[in-house]
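Note that the chains take the letters A, B, C and D in the order they are written out, and that residue 1 is the start of every chain.
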Amino acid sequence: MRVGVLTGGGDCPGLNAVIRSVVRKGVQEYGYDFIGLRDGWLGAIEDKVVPLGIPAVRGILPRGGTILGSSRTNPLKQKDGEGRVRDTLTAHGIDALIVIGGEDTLGVAAELSRRGIQVVGVPKTIDNDVSGTDYTFGFDTAVNIATEAIDRLHTTAESHMRALVVEVMGRHAGWIALHAGIAGGANAILIPERPFDIEQVCGWVESRFKINYAPIVVVAEGAVPKEGHMVLKDRTVDEFGHVRLSGIGEWVAQEITDRTGEEARTTVLGHVQRGGTPSPYDRWLATRFGLHAVDAVRDGAFGMMVAVRGTDIVRIPLADATVGGKTVDPSLYDEFEVFFG
Amino acid sequence: MRVGVLTGGGDCPGLNAVIRSVVRKGVQEYGYDFIGLRDGWLGAIEDKVVPLGIPAVRGILPRGGTILGSSRTNPLKQKDGEGRVRDTLTAHGIDALIVIGGEDTLGVAAELSRRGIQVVGVPKTIDNDVSGTDYTFGFDTAVNIATEAIDRLHTTAESHMRALVVEVMGRHAGWIALHAGIAGGANAILIPERPFDIEQVCGWVESRFKINYAPIVVVAEGAVPKEGHMVLKDRTVDEFGHVRLSGIGEWVAQEITDRTGEEARTTVLGHVQRGGTPSPYDRWLATRFGLHAVDAVRDGAFGMMVAVRGTDIVRIPLADATVGGKTVDPSLYDEFEVFFG
Amino acid sequence: MRVGVLTGGGDCPGLNAVIRSVVRKGVQEYGYDFIGLRDGWLGAIEDKVVPLGIPAVRGILPRGGTILGSSRTNPLKQKDGEGRVRDTLTAHGIDALIVIGGEDTLGVAAELSRRGIQVVGVPKTIDNDVSGTDYTFGFDTAVNIATEAIDRLHTTAESHMRALVVEVMGRHAGWIALHAGIAGGANAILIPERPFDIEQVCGWVESRFKINYAPIVVVAEGAVPKEGHMVLKDRTVDEFGHVRLSGIGEWVAQEITDRTGEEARTTVLGHVQRGGTPSPYDRWLATRFGLHAVDAVRDGAFGMMVAVRGTDIVRIPLADATVGGKTVDPSLYDEFEVFFG
Amino acid sequence: MRVGVLTGGGDCPGLNAVIRSVVRKGVQEYGYDFIGLRDGWLGAIEDKVVPLGIPAVRGILPRGGTILGSSRTNPLKQKDGEGRVRDTLTAHGIDALIVIGGEDTLGVAAELSRRGIQVVGVPKTIDNDVSGTDYTFGFDTAVNIATEAIDRLHTTAESHMRALVVEVMGRHAGWIALHAGIAGGANAILIPERPFDIEQVCGWVESRFKINYAPIVVVAEGAVPKEGHMVLKDRTVDEFGHVRLSGIGEWVAQEITDRTGEEARTTVLGHVQRGGTPSPYDRWLATRFGLHAVDAVRDGAFGMMVAVRGTDIVRIPLADATVGGKTVDPSLYDEFEVFFG
């Protein structure tokens, strides 16, 4: 059996841990060969491959990023993309593919699976917004980085009695904002799932100042004010899927400044949330995903994706995982309103 | 409604986060009063209490330890312990107790509940060995600290081509050893649930040296060799529940040295695994446990304990949680054998 | 002897460590009383004071920010500022002042000293740009935070073969950019002291891509291109002394994108560089500064400032320290050019 | 010009940063060739060499340990050691050696230099005890790790009102204990340079408990009690130069327990203090040491060692650096006594 491996979409701490455990178990236990496809689906359509043996995966467990490179290329939007993918697989005798990616990358995997290519998926996103799995690797690391930043900002806010706004990742889902905001003791958390009332946010800010504490407002990059409140500036999305500068965080800070008379400042955490060594939990989860993905290949469980439910790794249909994202449930968000203001 | 809160057993990152969220929600949403009992059950039998309002819990979210103090006192082993507990509750008009602790502390809570005292439990242990909950807070922090130590030891091991043994916490359960060992890329992981064959461990060490890599062996403090292999030195258990120095880690290193001719060294991580600021995940989990514990009080769900299942916080009978510990399942351990040696 | 203490300017990790060691030594060894003036010079002119005994300084060593609060108020620019400062000192029987601050705050201290007020200075700035001292506390912490961010960005840059620009603090001096850039393995470091040639920067970026590595460009917020290269966007300076968003980092990224055809991205680290727990070195230096400042008071060494030279703490005239800032020497910058490109 | 490079003695964060900057500057600026000698002086006498070009040093800046391996081999204690070293140098056309090591390794370098071999030294020791230089790289990293551990232990000590003893590295010099102890807010710091009075230590512990704080005692592994107080258990020194378990820390804890009636516990930090990624300061210092070492080779400044004085890198005779170690000056230690007890 020869198995191809590719990583697609934005990089994410834990990708290398998946690759390592796939290869370690596949080679040592099942005697498989592995081929890496470079730069996501791009390697599949342009026939860019690398051999992927045990020496290639030594020492990569704690390293962020992906040794295979990544891209946002969608082969189904390329001329004869499917044919070129098949050509590459045939040329290298690849029997099955392990595809590690987010919604877009796995969406392609699901479609190619329907068309007969043998694919197993591994969900990956720092945003934690893949359906069917409790968590995705990369998310815990991102929350750790964002929380550490919030911890640091508290002392500055208190020393100057100043409101600070922190913009974190999360274009469609507020998981990072919610987890890091709660862990960091934020006084307001604004997420895409819940359009916010800027008046209410300013009220929280003011009530905090009244008891002589300085407020921290955590804003997901995809948070939006309720209708009528905001004139959006130009916002563009980069190839990692993040909203670029001059985003919602700055808008919120400006509104707080204008409405409360207290100058607020913004910090945009940006790409630091997605890089660097994975947290131990993400290494654990990514390692288990890799082990179970190669088991799925052995079992012929194609068209499936690994997922975590509680402490178990399970298989779910790729199709289920890629239909709409997993967003923050209103009741979960409401659990925490006691901490706002 | 007046609610007493106590923390018992070894300290654990996240205790303060529970106390804070209990008080914030109880006061702000339900108008409860809170009384802290000092030093676990000791405060309950000796009438040592402190008022516990919102000012007392400000700023404690990121702080390790417990502002209420802790102890291992078991009131049921004291003369008229139950009566003295009841006297304290009566004296202060305490209607219900929120008890945050591990197996022993919750065992007392379960028994007092059977005897009619209104108790809600919150499970706490860095060892992660409480039944009925996927995780306990404190565990993630301990795994982070142990993994960081293993990461550091790798470079020393490689530079000197030396086997290093790391002894981590876990007297009855190998959760910390297993998670940190996998996350840290250990070459052998020895846990209490699986008596080890020292010959096999030495074989793993030697096979690692043969490919010019230096082995790291992670040993839970409660790991034991198979019958006949070990003459145990004197080992005592301290009040945190840890085995004191001269433990199994040193024995394993000595055996490796004697049997393979390669000198091995031991590092005993000790108490650093249980202190300091909680990880963001532990703050999140502890905060949610606190919110749901006070909801349980409101609902009159006495005799119950909060727990996490997947991403949900649920209630389970205290009695269920304290019957035997949650240990590492053999099939989970076997998942990782591909990384050994 | 009664001594006043104030902290002025932007907050900085280590301020609390100075306050603590001043008070601990002053009270325990010399029997002094201490009064804290709130919010820098503002407290001195508005008579906002707090008692400052040993209980007030317990536990503050590892905490960022300042328990005394801070501001940028300059009493010499206020109507009868000097008189109001004298009134406050007289009202509370304050014999001498220990002033902890950066260039502006110490400049006021120097002037008030010339006018007869008994002042001892302690230099403070994350930017490390105070003359007469090898280092200032807060700088090491800022470099640690910036370096950790650069470490994280490397994996993202490599995975996507993308140039990343990191904008760090440093309006007039490039110390943070230089230290963090060298420690983080940057491929170009742009500092205010050395106007840069954007063509050369683009050349470095391209040469890096040619050997299949992704470039990281570290830019101090005060870096400027050589004449003719740049049309500066609107830039404002906030009250912490930092340039606000839409700064030089984004300009550099845009130019790289336009000139090389390789899309570059910017991360602006912002306020996270100045907050949170001080590094051990900063705690050490701040503690020693505090001990020596109170010794200077005892010795009647007014008009002086403590400073570090090698491993010694020395006293230098306040006037010397506040005449122009300490900038990166060209020969030091040139030491590192071998790493560029 | 062909230059050999070797790293000797215990591993130390920053070794790889030196190797990288030596090679980068030597190759790019001076056109030198480099040969790595494996495992310290062992490679020099056994002719174990590796080519050392720019590809070999890519990405090693943030990695702990040494890519060249290390050992404690002393060629001058080997039969015809000098001759064998010369043979290796001749066989590979090596004109000069850059030797990175501590007292022992540099002592050999000094002697070989006297005998006519062209050597430049780079001092290395986490213990910071090399004469002639303000600091050595690796020290800052070790202090960071030890301080973080002390920070963590505080919360456990406070929660249980228990004295905790931390044993840190430092066989002959108390630099790590002193810096980490001061940065960590220890209540007693015991160093080799100042034999301690166990009665006084117990007095400090008791006075701390009296004000309801839990004491932390930091002990260098080489600390010794004043005559008559201690019956030393068997203590052996490992090949990293550390005292093995059952050392002074445990003795101090036992004495505190026996004399005060308060049970004390010990944590022995061990090898974690010397491994892992170097701190930014250590990367900076190591990088500069490397740049200046290769300049020394170019200048023919053989028999010299690089050193840091203030913020300058200077050259000093190897002979000066290796005559006795740099220990903690009594007056520096006394600066901090206000914090004890």
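Operating definition for what follows: contacts are C-beta pairs under 8 Å (C-beta built on N, C-alpha and C of every residue); 3 or more make two chains touch, one makes a residue touch a chain.
The chain lineup, named per UniProt: A, B, C, D = Pyrophosphate--fructose 6-phosphate 1-phosphotransferase.
Owing to the predicted nature of the structure, the values given are computational and were not obtained by experimental measurement.
**Student:** Under the touch criterion given at the top, what is the topological distance in steps from chain B to chain C?
**Tutor:** Minimal hop count between chain B and chain C: 2.
**Student:** Any idea whether B-D or A-B has more C-beta pairs in contact?
**Tutor:** The greater number of contacts lies at B-D.
**Student:** From the centre of chain D, which chain's CA centre is farthest?
**Tutor:** For chain D, the chain whose C-alpha mean is farthest off is A.
**Student:** Can you work out the whole-Å distance between the CA centroids of chain A and chain D?
**Tutor:** Roughly 41 Å separates the two chain centres.
**Student:** Could you please state the distance in Å, as a whole number, between where the Cα atoms of chain A are centred and where those of chain B are centred?
**Tutor:** 30
**Student:** What's the distance between the Cα centroids of chain B and chain D, rounded to whole Å?
**Tutor:** Chain centres of chain B and chain D, defined by C-alpha means, are spaced 34 Å apart.
**Student:** Residues touching two or more other chains, restricted to chain B: which are they?
**Tutor:** 151
**Student:** Which pairs of chains touch each other?
**Tutor:** Contact pairs between chains: A-B, A-C, B-D, C-D.
**Student:** Considering the complex alone, what residue numbers of chain B touch chain A?
**Tutor:** 21, 24-25, 28-29, 58, 61-62, 134-135, 140, 143-144, 147, 151, 179-180, 182-185, 213, 277, 279-281, 283-284, 287-288, 291, 309-311, 335-336, 338-339
**Student:** Using the touch definition from the top, list the residues of chain B that touch chain D in their complex.
**Tutor:** 10-11, 13, 15, 63-66, 69-71, 145, 148-149, 151-156, 158-161, 164, 238-240, 245-246, 250, 263, 265-272, 274-276
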